[in-house]
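The next part holds the structures, each set out as structure tokens.
Two complexes come next, and they have one chain in common, chain A, joined by chain B in the first and chain C in the second.
Here is the complex of A and B:
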């Protein structure tokens, strides 16, 4: 049985429902109106010139930088904004970094492919029982001095060049910031040592790297890589000589441009600094590419190639196969030594009695 | 956490180990004593010792011609390291704050950088000579290589932290310097102190015999 109170609830419920319905309608209506209001109105546009546009165009200096007057002393302090800086930045980001990456990656791929096809170039006659003295201790020392400095500079330089795209995803921004700061300081400090090593290398090796008769035929025949015919060569072949002169000129460019970058106090402007950076980077990428090839031949590419720089002596058969003009002269001069003699002179294990450690210190 | 350890307890431990170790080694050498020399003295042992300590800084003619690079690289490294250690501004500040309580004039920044270049070049060339020359290679043992590499790493991390922009780089340098301090007394690096004694001993012996050596 329904109570009067229950009868009262039906219209009450209808009323509440009606209010909700009204509210919903109002909400829908307001949303539609709001949406209509937010639609862009097709009004005629009026071109308004920024009253300061001319002023800022002058400041921006899209053409040649104009120097104004200022009491601040220093290089280019009269130039408010130098647009060439942006050109340099664009070049670095959109061309230098990706193209350098392709070149270095391409070189590595090329060498891997070459090794897969050609394999390690063996000494055809096998290792002989004799060796020829090839490099003095001083020559080996300055070579490895240059090598250690070059590798350090190459690694730190590549971190600075490719760090943002390659290392930030791995190390994070903070981690890369630490590495980049360390690399920059290390690169700047060790850089001048490269020039010192370069001067030492030039003085010691220049005479043997002057081009001679026969070098061109070595080049034409691809140094023996193309075909299987033997290619005669002197103490240094055409490839080595070319690498030497690349090191002299491109290395010189890298060194000088590096000094310009390290010493902004020299009073050179932004454009020269940007140019120095571009020259430095392009030269360094070229040299790193060449040195990758050099390291390949010395390590996995050719049997016996690194022996001369490691021990000072090279295998006689290797010398005859790769530097026969020099090897035959050296052999005629009686410079060839037996392996035992070389081992004794070098103090290799087994050839001399062992020296006990701490002998000097203990005074025994 | 690890930074506080390097900056605090490890620093105090390493400097204590260094001081006690160096004193212990020197006392051990002095206490070893000398054989009694019964001969009649023909000259002054004392002046011979002093003369030898200083005259050995100037090399013999044979050394200047036959080992020119070792000589030049040796001076580049040792003088460079000495200047870096005691006259580089960050080191002067550090020593004044942690040890002496007072500071002294540091070299200008450009002198600091040039000195570091010399020291690096000298050290690398000397180490290469050690491993490439048959005689020095045979004479060298693990201690020599550890000493050289440790000095190189301390110097390298110091130069990597030059910007003083990251605490972690400073801590890495300090950590390696602490390892160096702990290793120092128990290695041939002790020659930094014992060279005076060995030169003095030779000079005194020769001076007493009246030999100008």
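Here is the complex of A and C:
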């Protein structure tokens, strides 16, 4: 019964719609005619601004940055409303603190899970009888110089970032204030040293960190994370090289933005300082995340990985498995030393008297 | 409970800077810091106006939100104060504040960032009222004496108002009504818009020539 009734209503509805359309056209036409008739009679319209509203719009800097004049000296004293402050507040409170918390916590959980699944990566051939000299004393010195400054800056920075939600409930306001004050002073004093360490690291390691032919295949095979096969690489593998360049560029960004933040007397203004803080924070969270991975591999993640940075010599089998291109060349050159020779030079065996030959410093 | 507020009337401010000087002197503000300043917009152009600005004692203060050591607090009078014993001089409040109220005294590491200083609404700090420590760190505590901030008290044109928000907003509302819509909306004549009774001066003038 419904379908015929429906068929009937369609033409009816079309008719009604047509009438409306016609009416609309007439209305439009009439207004056009009306406008044409009236326009010559009317005075030209002038945009009148409400002076009070205009003034407050200028104060609020709605349309353009407005700087007033003031007798009071100092940075941006002529600005009545700092329009960027609230954006920075929102970034810090609702993005930086929670998101960086998730990232850092997630990285730790990821590594714990990875360790549970994969375990410690062993030297498949076992520790050999021979070692290769890997880092000179100077190289190890600047690495640990950088590492200690980085860890100090990371810890003090994270205290300032997460202290209010995490540490004030534990230590109380007064107690946390002492810790935070010490952290801030330490962070500001040690920060410039990070740039010094960065320059030293760049000069010493840049040549070995230039990307090479084998690096793409290392990346494609995921650096050997998946599966048991090792991927050949040179002195540094692609992951280490990427970490180096991240350190150069992101570390450089952190260093420069940190200098801007340390010296408000430069008079750069709040917008640039807030931007510097944004760059400093994002860069630092990125670097801390990467370095957590770096520390994981060096400590629990891989057998023999820390030896080179600890003693200056790495195991021959480890070198062959992880840095094959470099290790085979070094072995051909006759750089491999027996464990006893190394122990003799390092003087770390009770039975063997220490020999100060200077070989450890030169790494040869 | 009274909620303390400042209000500056740009139609009355004559840019005399007496509020700036009064504040600096009364509170013995550190070198390089001015808790209050007068800013002139469109200086020398039509529509020039001046405003005296300091801490506005926000109900939901951004400085208090971003402070990493949580040193800001709001008194029962609605005045936003900070505890210089807890403040570490990081400057986050300086970035977040819309009015440029918290400032760095030139002190501390690299002589650049001491503990922040800001307007206290002449209400001192967390120390005991009128103690030597309170005066040294924050300046005078006029509120404890039942007086209002000196900047507003000595404003010659009463452009700067300070006190109970209800009272000063009433004062300002009355001023707006008396000025009529002439100030708010050009195009309406002062006489037409005025709420004052007309004085029947039509046809009268000071000279009949």
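Operating definition for what follows: the second predicted complex is superposed on the first by the 285 of 364 C-alpha atoms of A that agree within 3 Å, B and C clash if a C-alpha of one lies under 4 Å from a C-alpha of the other, contacts with A are read in each partner's own complex, and residues count from 1 in each chain.
Note that in this section a contact is a pair of C-beta atoms (placed from the backbone, for glycine too) under 8 Å apart; a residue touches a chain by one contact, two chains touch by 3 or more.
The model shown is predicted, which means the values in this text are computed figures rather than measured ones.
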Worksheet entry | chain B versus chain C as contact partner of A:190, first or second or both or neither | first
Discussion item. On the A-aligned overlay, A:137 touches which partner chain: chain B = first, chain C = second, or both, or neither?
Written reply: first
Worksheet item: Looking at the overlay, does A:148 come into contact with chain B only (first), chain C only (second), both, or neither?
Response: first
Worksheet item: Which of the two partners, first being chain B and second being chain C, lies in contact with A:347: first, second, both, or neither?
Response: first
Practice prompt. Go through the superposed model and pick first if A:78 touches only chain B, second if only chain C, both, or neither.
Written response: second
Practice prompt. Report the partner of chain A that touches more of its residues: chain B or chain C.
Written response: C
Practice prompt. Return first, second, both or neither, reflecting whether A:181 touches chain B, chain C, both chains, or no partner chain.
Written response: both
Worksheet entry | First, second, both or neither for A:199, with chain B first and chain C second | neither
Worksheet entry | Touching both chain C and chain B, counted on chain A across the two superposed complexes | 177, 181, 184-185, 189
Worksheet item: In the complex formed with chain A, which residues of chain B make contact?
Response: 69, 113, 116-117, 120-121, 124-125, 128-129, 132-135, 137-139, 141-143, 156, 159-163, 165-166, 168-169, 188
Discussion item. Under the stated contact criterion, what part of chain A meets chain C in this complex?
Written reply: 48-55, 58-59, 66, 68-72, 74, 76-83, 85-86, 88-89, 92-93, 160-161, 163-164, 168, 173-174, 176-177, 180-181, 184-185, 188-189, 261-265, 270, 273-274, 277
Discussion item. With touch defined as at the start, can you tell me which chain C residues reach chain A in the complex?
Written reply: 10, 17, 20, 32, 34, 37-43, 47, 49, 51, 53, 62, 65-71, 83, 85-92, 94-100, 103-104, 106, 108-113, 183-187
Worksheet item: For the complex, which residues does chain A have touching chain B?
Response: 137-138, 140-141, 144-145, 148-149, 177-178, 181-186, 189-190, 192-193, 196, 312, 345-347, 352, 355, 357-358, 360-361
